[in-house]
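Sharing a structure with you now.
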């Protein structure tokens, strides 16, 4: 799994860090991050296609394409580009087993 | 531009019934013209739940349904595609002891007819179906049932009929319904004229217009069963589910979407229906209760269709009262997808050699004639005797 | 007093709200986003304070004016952010907000639902790192991020050059700007562009700055495919028939904008095919009245005209609403707004001449191209369906191939799919029709909808469908 970030942050001054978990791995983002930004600042996958298993990393960033739906560890669904990152979120790039 | 057509049989309505009738008539070597108002298989035949189910039908429908099951099993040979038909079996749930008693009674009633029903209950039931909500305590399992994709199957019957030589005319709204003494004479607003000694009324929820033009009537109403489909989800449901008493049914497609039904919508216009938000909320509530894995799931689409329903929940299949050369086949009360192919075959048999291979007496339109004379209509009976 | 609702808090919705409040009404302003501004004036989360100049460049003045106006209006508005309208039934909106479903009956409704990028895909467009131009802008504006260290911008439209320049300014490395518009388009468009000289000047300035920054800009480009292992690393393209490729970490692409019309459809509005936008748009008069009494349309959600026109149209639609409700409205004001929209439309027409869609896109699309990214349906499957079934209509195509059945309900794939269908069926784009909108307009949780049902009702005897 590629761990090189997809997104590149622009420096805008100090920001509060926000801890979260991605596929069981401890990570951190910043206050004001959407889930999409936080996850794509870690790597290049938000979810996998149900049909081809190909990795997906969002597309429109404005809540239109619906390609950034992720799961939380307890099976809730969230749209990554329009959900703010909260401390302690446990995110998953796959559906729970 | 006038076009005059003659054929052995004219068919009004290109849903699964009309299209399969056209196909089977061609196999008998009869010439066919089928007139469809919009696109074949786009109305109820194309937007229904997709259940291919014998279990739960009234005894009177069993011969038709069992014959249809045989046709479904050879679907690729009949229509050239598999239509996503999955012989998943059908599990009809009991949500209490009274339901269970009714399921057991039905199973006894249909014993030996080929449904091979098995009642599953208790620990065995919980073990086999751990993903069902706690309100389901038992189920009647029918191994030979399944589900398919109506959007693919119904138009494919029309294509097969066309490939077999039927003349299928879409975007053709029949506005003239006449008879010249020997032939039915049909016409539309664009100069098309069709003459045929036999006519099949397969116009679905709109069949009364045709029926009344030829002196028949029936207390049919339009119903709009509400449907919902979820986003694709990991597979958890491998059977087609219904409940005793009706009101919710669900299946999971091979791609993972869960298709659910069980509420009523309203019509937006005579051709299209839309589920009402209240009905949607009720459907979602039942879905979440019955299928806990759907608790976090999301719905992508709600829809409805326009289907004809009769007070005794049985279709009308049989000759017209004033015109014996007219055959009606409509009003399937939301359960016509599975039986469609056999109904089409029966109509073709009737036209070709005077009788169908399955008994159709319970479905005559005459059973409603006493209503015209002021006698009470048959009282509603559930599809589970 | 009656309930007047505005859906959308971009420039159109905000100016509509202003007119209604000035007339003494207290409209409900519904917005799916947490903060007002729509897309063009999208604001970052409140915790990410940025200067308007950094966010909006030349448009900072307009953005600030709108935000200040909104702040002044707020006491007289019922502002409902983070609220999705998922269905319209009779004259009631069905809302999803804060994990709960609610209804809102309206007497009059202004739909100002805005637009998304219009997407004509190329092979590899579903790879991580490939985004729309709008997405590239959102990342920068709202999330202080670039879509990648080395970015290629591609497609056509005014946004292409603007976003490229914004990325240069933000310190990103823009590998190339690849415009699919033919080189002669500029000459042809110039006279019309002068209908709005200030805007045209800005465009010229952008080009000059990009050149100064050393960003390669190419025209007459044909996009071939994006490739990479699990994420994009290269874009292959052609110019004058010569194959080229550019290394990159991300691609931002788009071909203009596409109106979000699902709510207008659910509200029962009539639609017509618009030859300028090459899309089906809800029918409206010069003031923004739809074909449904009491329903008004404004901004890019009704037709693509840009943010300035959206402000004018929003105000005009609100005046139409007031007129229709019997409120006195100064005729001169309404007329002035309509007149101000005329050069906007003329400019838009010249933009279409400057940035046309690639006319041969459908013919060039390879069979292996994934057209519907939600359901992963290819151009080849679409063409096979047409060949096998004779399908010539979009809803029929959807029924057969699943195009448009996925989570986005056709937003991303409809422009491409309809062009492929027209090409394969040998008919015009207008003839293939449009996808019928179905509720919910975006995915909604079953549990939330179920919770809004009245107590579990037993199914009436005569409704027990199997």
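Note that the chains take the letters A, B and C in the order they are written out, and that residue 1 is the start of every chain.
Everything that follows uses one rule, which is that a contact is a pair of C-beta atoms (placed from the backbone, for glycine too) under 8 Å apart; a residue touches a chain by one contact, two chains touch by 3 or more.
If you're wondering where the values come from, they're calculated on a predicted model, not measured in any experiment.
Two chain pairs are in question, A-C and A-B; the one with more C-beta pairs in contact is A-C. Taking the mean of each chain's C-alpha atoms, the chain closest to the overall C-alpha centroid is C. Centres computed as Cα averages put chain B at a distance of 40 Å from chain C. The mean-CA centres of chain A and chain C are about 24 angstrom from one another, to the nearest whole unit. Rounded to whole angstrom units, the spacing between the C-alpha centres of chain A and chain B is 45. With touch defined as above, residues shared between interfaces to two or more other chains in chain C number as follows: 406-407, 443, 445.
The set of chain B residues touching two or more other chains comprises 231, 295-298. Among all residues of chain A, those that touch two or more other chains are 51, 69, 77.
The part of chain A that touches chain B in the complex is made up of residues 50-51, 69, 75-77, 95. Per the touch definition, chain C reaches chain B in the complex via residues 87, 89, 92, 94, 101, 103, 388-389, 393, 396, 399-400, 405-407, 409, 438-440, 443-447, 449-454, 456-457, 459, 461-466. Against chain C, the residues of chain A that register as touching in their complex are 2, 6-10, 12, 15-16, 31-34, 37, 41, 44-45, 49, 51-52, 54-67, 69, 77, 81-82, 84.
Touching chain A in their complex are the following residues of chain B: 231-234, 255-256, 295-298.
Listed in rising order, the residues of chain C touching chain A in the complex are 32-34, 39, 44-45, 47-48, 50, 116-117, 126, 128-132, 134-135, 138-140, 142-149, 170-172, 230-231, 249-250, 260, 373-376, 406-408, 411-412, 442-443, 445.
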